[in-house]
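Let me give you the structure first, and then I'll get to my questions.
Letters are used for the chains, namely A, B and C, taken in the order the chains are written, and counting of residues starts over at 1 for each.
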Amino acid sequence: MAQNLQYFLIPFLQPEMMLLIWVGVFAGIWVGAIPGLSVTMAASLLISFTFSWDINSALALICGVFVGGVYGGAITAILINIPGAPAAIATAMDGYPLAQMGEAGKAIGLCTTVSVFASFVGIVVLAVAAPVIANFSLKFAPRDFFLLAVMGLLLIGSIGGGDPIKGITAGAVGVLLSMVGMDPSTGELRYTFGNLYLMAGISFVTAMIGLFGVSEALTQFRSSGMKSPKQNLDRIIPSWATFLKYLPLSLRSALLGVFIGALPGTGGDVAALLAYDQAKRSTKHPSRPFGKGALEGIIAPETANKGAIGGAFIPMLTLGIPGDAVTAIIIGALFIHGLKPGPMLMIETPHLFWMIVSCLSIASVALMVLGLISVKPFAKIIEIPKEIVMPVVIILSVIGTYAIQNSVVDIFYMIGFGIIGYFLRLYGYATGPMVLGLILGPMLDANYRRTMQGAENQILPFLQGFVTSPISLFLTLSIVFLLFSQTATYRRWRGLE
Amino acid sequence: MEESKEILAEGNAAEGAASLKDLSTFVPEAHRKPGELGIAAITFLIGALGYYFALDMTSGEYSSPSVFPKLASTVIMLCSAVNFFRAVKREKPEATAPSLARFLFPGDVVVVLCFLVVYCIALPKLHFVVSSFAFLALGMIYLQRGKHIVRALLVSAASLAVLVAVFRYLFLVILP
Amino acid sequence: MKRSCVLFLSVLLMLSAASMGFAAYPEKTIQGYIMWGAGGGTDNFARAITPLVEKHLGGSIVLQNKVGASGALATTLVVNSAGDGYSLLYGAENPANYRVLGLSPLSFHDLEPITVAVEGAVVICVNPETPYKTMKDLVEAAKESKKIRMATSGVGGLPYVAGAMMKNIHGTDFNYIQFDGDGPGATAVMGGHADVMPLALSTSVEYIRAGRLRGLAVLATKRVPQLPDLPCITEVYPEYAQYLPWGPFYGVFVKKGTPADVVAKLSDAFTKAMAEPRFEEYVRNSGGFKNGSTGAEAVKFLEKFESTASWLIFNAGGAKKSPAEFGIPEPRK
């Protein structure tokens, strides 16, 4: 124990590491906020950049960028309706309406506070229960990932923009678009028509930037005499009463986030979407209706994606299995720095675990300070007249899209999605479900097929799996319950209507 | 945006100022919008094409690559049909409603869209900086109706300089 | 309007001035296209070696991941580049199979190897809770039933080819389940969602050491230093020798027809980088072996790999086209 404490204190005793964590968080906030720049990208650049450094310093910087970056995604989501990262999609649903009402400062302030709280929840779970959760997460079969994706799709009901059938239409189009490209399991080409760029598939980040950002900009141009909302910046830091009021929701969503983050291959994006959905279903009296600026609609996804940071480190540090894309890169960094990430990592280099826990904690404190300092300047941005901001938003979308994989074709896709999104919005089709379909489509397809292959293409053994495995049974029942909870009977009984 | 405002307005009428209507409660409008039938037909066509091209893919087993494309296409076709008939059942667009072209492309939208299309065409031929600067400056000047030209140019140059600095020199993205 | 022109030109000038330099090759930034995503084996290799190469080359290489179509996207980009040595492809073994899998008309014949830097070995791994203690157990059980679930990374990937080898030699058939790559497949085997997977040593070595996976045999003609207790396959089944040596590799390539002096300069820089202790340590830790061949030697290596892999895939029924169509010789028995 004393030994662990000593490891925990490593970054505190090295001013250089301290500084790097703060720098990392600051840079991360910007990386996260700029659409197209992702933490994954920043982390892989940092590997080359920190090549000649000591591994501790390199990790300190990467941890800082990770924490800052996940937070930064929410800022652009709230301010200009372009989620800086997929994990902030759900945040845009309620954050942007709040900003339009002049409450951007309040939204970002609340987001910062609960983010720091959730980040600590993730860190505590990582420190206390990592091995248990890691072993449990291995038990998740392809069937269970399929069920999680189905749960994610249920969110279409919440973000469908009013008409469920139109929401499902948009969602299904998203799933269909996600099929474009080379099928990763058989190598078969689907909807590629011999085009190499279609073979590479349609990146959902590209679609997200177009469907959220450019379509919003175009929609704004419909109404002439555009006035930017005057921002109320009096009360940025939420009161204790507010914080306590939302504590149960924050804790619940953060824990959900830790768990989803700990599952290999699913990260903050899926966690945030599921958390938004559960918040919407379980909140009796939201501060405002969901989709129109409910504070709950910001708290749930933001706590979930921050919890997922600690979660993603769980399988990485205990088993050497990446919990998400960023931890996959950290594993690579460890290799390059001469370490052997794997199940023996905690035994052979025990200091690493506690040092990362400590770096993440310091990063969370830094996030609190840096986040709250930057609320006002950020909120001021949207007071700039729209005729100046909107062209810049479009160019930012263009350059961000290009940066994802240095592809001009992606820019065309992005603008195409922007125009499609504009038309869809005009007729009451929300764009959220389409992005959801694009994100979850491959997860649905691949895991369904794996399950089917495991059942040797027989329907009966395939269906049996859903009731014989305890995890699958639990998830199946949850989905049935979620569907039932949509019905009028249930809502009347619970007094939700 | 417009859509949600309308829903909000109806909700207000029904329940007073503090509207508790959330977006999952669908409030159908009495009149359909111009072109609403068209978009339902287009989505149906997307579904049909999706299914048609999925026929060429490997099939035969429950785990074949064609299963999900077919499923998604079928869902699109079914939902589009529902959307179509719902729209048909509603009354014709109001007499005061704008024509289809006016509804889709009011004033500024068509100009900005034209800028965007020209920008896309110009981008691979000219350097990123050139075409983006032109887009930014022209866009701002147009939207401000020809006022503050110098400010528009300065803001365009400054914001582009920041973007290029961040992306090219910090993130080592080689711009087109 | 005048002012706009001035502003606009000055911005342009400033930027072009910043990116200009004066020297022989490399006189501008070299672009390195990585054919697989961030955090993967190819990506790790590229990011481990590039800083060392930059030092010896005296120029900077900007790395970018160009993921898509099993690396065919990055390959196409490099083949369509100017062929002046400013576009490097950091790739794995995949281009050898593009033609038979019908993914792309390109292959290693359209590329010039700078170096085949690192080789790996493949280990047949099973979940430790399965009853298969040795390679013989697995083969016998597989002959009896078709129920054994083998995780692969998709048709044409390494595990698939290893499965094809087993099919050719023993006539075994597995129930293939495709995962998104070696890593997710290994995770699935550890979780018991598949029984067996032939895995690259780099992915599996730590799991085997920790007892999370059980290694049955390494597909090589001699044992590997990382796992000295693990028998090599030819100790158990000598008939595998016809396909060996075979395994994953990472290399760096340019477009065919790049000037010879540029290729020589690049090969030289990579060779020096590979000799650095830092890189050797990375190779050892990540479960690989340094190959380091360049020039004609590298070309021969690539041709041998292509022949083995494409005929195995074809004989296992996973190919869209016969390797004979492209004049790929059958491996000698």
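Heads up, the rule we're going with is that a residue touches a chain if its C-beta (ideal position, glycine included) is under 8 Å from a C-beta of that chain, and two chains touch if they have at least 3 such contacts.
No experiment lies behind these values; they were computed from the predicted model shown.
Consider the two chain pairs B-C and A-C; indicate the one with the greater count of contacting C-beta pairs.
A-C
For chain B, which other chain has the most distant CA centre?
Relative to chain B, the chain with the farthest C-alpha centre is C.
Of all the chains shown, whose C-alpha centre falls nearest the centre of every protein C-alpha atom combined?
Chain A is the most central one.
From the C-alpha centre of chain A to that of chain B, how far is it in Å?
23
Between chain A and chain C, what is the separation of their C-alpha centroids in Å?
Once rounded, the distance between the two centres reads 31 Å.
Report the inter-chain centroid distance for chain B and chain C in whole angstrom, where each centroid is the mean of the CA atoms.
So the centroids are 41 Å from each other.
Would you mind listing the residues of chain A that make contact with two or more other chains?
Answer for chain A, listing residues that touch two or more other chains: 41, 185-186, 406, 449-450, 453.
Residues of chain B that touch two or more other chains: which are they?
If we look for residues of chain B contacting two or more partner chains, we find 160, 172, 174.
Considering chain C alone, which of its residues make contact with at least two other chains?
64 - these are the residues of chain C that touch more than one other chain.
Would you tell me which residues of chain A are touching chain C in their complex?
Checking each residue of chain A against chain C gives 40-41, 43-44, 47-48, 51-52, 138-142, 181-182, 184-187, 189, 196-197, 199-201, 264-265, 319-322, 325, 328-329, 331-332, 335-336, 338-345, 405-406, 446, 449-450, 453-454, 456.
Can you list the chain B residues touching chain C in their complex?
127, 129-130, 133-134, 137, 149-150, 153-154, 157, 160-161, 164, 172, 174
Under the touch definition given earlier, write down the residues of chain C that touch chain B in their complex.
Residue list for chain C touching chain B: 3-4, 7-8, 11-12, 15, 29, 31, 62, 64.
Considering only the defined contacts, which chain C positions touch chain A in the complex?
Checking each residue of chain C against chain A gives 37-40, 43-44, 47-48, 50-51, 63-70, 72-73, 76, 101-104, 146-147, 149, 154-156, 175-180, 183-184, 186-188, 190-194, 205-207, 209-212, 281-282, 285-286.
In the complex of these two chains, what residues of chain B are touching chain A?
Per the touch definition, chain B meets chain A at residues 1-4, 7-8, 19-27, 33, 35-36, 39, 43, 46-47, 50, 53-54, 57-58, 61-63, 65, 67-69, 72-73, 75-76, 79-80, 82-83, 86, 103-104, 106-109, 112-113, 116, 119-120, 123-124, 128, 132, 135-136, 139-140, 143-144, 152, 155-156, 159-160, 163, 166-167, 171-176.
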